[in-house]
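You will see chain A twice below: alongside chain B first, and alongside chain C after that.
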Partner chain A sequence: MAGFYLFAAAVLLLPWLGIDPYFITVVGVAAGLHIILAVGLNLLMGYAGQISLGHAAFFAIGAYASAILTTRYAWPGLLALAAGLVLAGSIAWLLARPILRLHGHYLAMATLGFGVIAHVIMVQASGWTGGPDGLGGIPPLNLFGWVVDSDTRWYAVMAAATLLALWLSLNIIDSRIGRALRAVRGSEFAAQIMGIDTARAKTQVFVVSALFAAFAGSLFAHQQSFVSPDSFNLAISVELVTMVVIGGMASTFGAAFGAIALTLLREGLVVFEDYEMLIHGALLMVVMIILPQGLFVGIGQGLRRVLALVLSRQP
Partner chain B sequence: MPEQLLQFLVTGVTVGAVYALVGLGFALIYNASDVVNFAQGEFVMLGALLAIALLGTGLSLPLAALAAILITVLVGLLLERVAIEPALGAPVVSTIIITIGAAMVLRGAALLLWGKDFHTLPSFSGDAPLNLGGATLLPQSLWVLGVTALLVLLVRAFFNRTLLGKALLACSCNRAAAQLVGINVRVMLRLAYGLSAGLGAVAGILIAPITFSSYDAGVMLGLKGFSAAIVGGIGHPLGAVVGGLLLGVLEALGAGLISSGYKDAIAFLFVLMVLFFEPTGLFGAASAERV
Partner chain C sequence: MNSAADACAPLLTVSGLEQSFGGVMALAGIDFQVPAGLIYAVIGPNGAGKTTLFNALCGFCQPAAGSIRLDGRELLGQPPYRIAAAGVARTFQNLQLFFNMSVRENVMVGAHLRAHTGLLAAALRLPRVRAEEDRLRAWADDALTLCDLSAWAERPAAVLPYGLMKRVEIARALAAQPRLLLLDEPAAGLNDTETLDLRELITRIRASGVTILLVEHHMPLVMSIADRLLVLDYGCVLAEGSPAVIQADPRVIAAYLGGAESCLDVE
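Showing the complex of A and B:
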């Protein structure tokens, strides 16, 4: 948990370091959102070894549940958030068994297909979702009378939500379920023989990671006060996977690191305009070829090796 | 109504043939390297846009098409050398990210070269539609179907009748064993990438007169090709062809009878349904896991 306290201290200190407020309130809030998504996806990908190329769909379910229920039915924000969680969790639970029975590229295809279908529904079911133009006028989140309506307040809420996500993830990994998941990743067959109900373990982690995504989606809807299908397309699903893999799989802080790195990268590449896609793609390739285990994990291992070398040189 | 159904069928088979070619490319690369190449759709886009650009420089259509195919093959070889060879044996997700990165690089390069505009190629042999029992058939559709059929037969003969093709298949069964019997695995890998880039480029050039091509035209085509390969059972070349045709026909029927906005959802719903009942595709063999 040392890493967690270090991270919490960093989050608390950040606004007082004299950095451009834009980076704290806009980039910081986006990074927090990405951390929740990446940490949740990492439970599924890094620990249980199951790929998902459709995670943006669960992000969308949370966002649209909040958007539709608060604007059309005047539900309070927290109740809509809870409804989004229930909906995303139920869909994940229903899908988990047939989808997680698949392996490797078949699983990638099925999750990708799920993401595309969800996106098509967002665009086409315009009576509910507002179609391609999206849905605006989402009221600010009201937390028991405290209205989250300024950038500073959003930073505080997102910081708390991010820390909650990290804390949950670290504890899940360290629990009985977490150990079962790691066994599944090692070898599903061997885990079964040791008496682990692998289908159940995979279903649980799929639901949990869907809940993380839906939670982030609800916050996103209130923070932007507008949602549209563009925020939940295949590119976003791919970007989430990239965050987990670039950071380093099977490491909660690796996923968080990847989320921050890609948020900053996207922010930094905007100045390149038309060159953005080219540079983004090239960077992904270079990182994956040089450090297949990810930046966070790879750099950590590298530093340890250098340290060991330096120590062994001393007489 | 029967004429309408026939029309949907004709449209579906034409589109399906293109999916089949893209899916065939997926199967080839998967067989040689266990990698699903998410840049496959970008080969299709490159073939189309290069042919259009070369035609614009005054080359004749056959020459422009040939040059476009050759350049795309070179791009495929370059991709293999720069990105795939150094990462051989990496986990599945790493290779997925690498090929997605490669797809972004190709798309980004196309954006810089050709902008965001839509481009189109003139039909190979005129636009006068043929009448087929009440349904109209564009001459270009005949080109798509004919060339696809020819390429499928050639690929099949290549795997079944030539030593080179059998060597490539051997790599897919067991790379280490293939190397032990004297097959140069690296050469086979390059061969697979070159062939598959070439197949993609041909598909792109064939449909360029029917659809509009732009820098991001490869994304959906790549996904549909991947779906075709998965439905057929990945690494099964003929399965990919059947998968592509099925997907194309279903999509056309769905668009015509249900709703054109939902056609992609219908296609992917079909893929999900196939996977729920046949987790390794229609023709894929179940594999045993080694503990």
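Showing the complex of A and C:
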């Protein structure tokens, strides 16, 4: 848990370091959102070894649940958020059994298909979603009377949400449930022999992962006050996978690191807007070739090796 | 007849077990009983059906006919995780360690069924979860101590030498506190010293009250520790009895290299 406290301290200190407030609030909030998404996806991909190329769909379910329920039905934000979680969790649960029976390429294709279907619904069901034009006028989030209507307040909310996601993820992984998930990745055969109901374990982690994404989606909808299908297309799903892979699979902080790195990269690449995907793709290839274990994990291992070498040279 | 075999009620009763793979009868109606508290070895030439038998016992393949009863309870047709819950644990001929975890975590997975923490409690790290984690860790450390692996507990399972990896598999299976332990060629790939250590370990496990079903090609090891043996050939039971009876059985000798007696000797 040392890493968690270190991360919490960094999040708390960041606004006081005299960095450009735009950077802290806008980029910081985006990074927090991506961390929640990446950490959730990492539970499924990194730890349990199951790929999802349609994760933006769960992000969208949370976002649209909040957008539709608060604008069209005037639901309170927190209730809409809860509804989004229930909806995303239920869909994930229904999908999990048939979909997670598949392995490798087949699972990738099935989740990809799910993402595409979700995107088509967002575009076509315009009576609900507003279609390609999206849905605006989402009211700010009201947390028991405290209205989140400024960049600083969003930073605080997103910081708390991010820390919550990290805490939950770390707790799950370092537990009986987390070891069962890692066992599924290590050897599904042996996991079953050890008494783990692997179908159930995979279903659970798929649902948890969907809940993380839907949670992020609800926050996103309120923070942007506008949602449209462009925020939840295939490119976003691929970007989420990239965050997990670049940071280092099967490491909660690795996923967080990947999320921060890609957020900063996106910010830095604004000028090259049209080439963003190109650069993402190239980055993914280079990292996979040079540091297949991911930047965060790979650099960590490298530092440890250098440290060990330096220490061993001491007389 | 071994006197211990008479005294104990059978823990495992296998009857009429049949399994075919595309016309090949891997198991052609196997019957045998494993008395509780013994080391029961299954031997036979390659392709005799030993591995198929093990896979059937742990639920990994579903035989077409027959019955597998553990203490009277039918296991046939149950998924592997339920068979594990009934008290059957196993090791694998080709290692099936969780290479993405430490040695201790591997063994803690072995104790999965002895704990009850659910997803929500784990995510919130409730106080009882912490207490259960401590218990799981202690159980794992007991199994590691029994297998002389304490020094390796923190290491990633993937960096261990081969002989120790095989031991981790045994420790992982023991952490489940099984009633029946299936050991699938535990001596394969071990050197002489490691084989001697293994023999001593298996004897210790029997002493702790666990019934052991052993598939092994290393005849000196089998003959020196098995209380009873089952000899399979072409999916059928060729012979069954104490090591002395088996070693003297002409059909067994014939099945092994067409009569080369030396391969059944204890040395």
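Keep in mind that, in the parts below, the second predicted complex is superposed on the first by the 307 of 315 C-alpha atoms of A that agree within 3 Å, B and C clash if a C-alpha of one lies under 4 Å from a C-alpha of the other, contacts with A are read in each partner's own complex, and residues count from 1 in each chain.
Throughout what follows, a residue touches a chain if its C-beta (ideal position, glycine included) is under 8 Å from a C-beta of that chain, and two chains touch if they have at least 3 such contacts.
Treat the numbers as computed from the prediction; the structure is a model and nothing was measured.
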For this session: Scan A:His280 for contacts with chain B and chain C and give back first, second, both or neither.
Result: first
For this session: For A:Gly195, decide between first (touching chain B), second (touching chain C), both and neither.
Result: second
Exercise. Touch check for A:Ser187: first (chain B), second (chain C), both, or neither?
Worked result: both
Exercise. So, A:Val270: does it touch chain B (first), chain C (second), both, or neither?
Worked result: neither
Problem set entry | First (chain B), second (chain C), both or neither touched by A:Leu102 | first
For this session: Answer with first, second, both or neither: which of chain B and chain C does A:Ala74 touch in the superposed model?
Result: neither
For this session: Quick one: name whichever of chain B and chain C touches more residues of chain A.
Result: B
Exercise. A:Ala250 contacts which: chain B (first), chain C (second), both, neither?
Worked result: second
Problem set entry | Residues of chain A at both interfaces, chain B in one complex, chain C in the other | 187, 189-190, 193
For this session: Would you tell me which residues of chain B are touching chain A in their complex?
Result: 30, 36, 83, 86-87, 90-94, 96-98, 100-109, 111-112, 219, 223, 226-227, 230, 234, 259, 261-262, 264-265, 268-269, 271-272, 275-276, 279-281, 289, 291
For this session: Spell out the part of chain A that touches chain C in their complex, as residue ranges.
Result: 168, 171-172, 174-180, 182-183, 185-187, 189-198, 204, 208, 250
Exercise. So in the complex, which bits of chain C are touching chain A?
Worked result: 58-60, 79-81, 84-85, 89-90, 92, 96-101, 105, 108-110, 112-113, 115, 117-119, 122-125, 129, 132-133, 136, 172, 176
Exercise. Given the complex with chain B, which residues does chain A contribute to the contact?
Worked result: 45, 51, 98, 101-106, 108-110, 112-114, 116-117, 120-121, 123-124, 187-190, 193, 234, 238, 241-242, 245-246, 249, 274-285, 288-289, 292
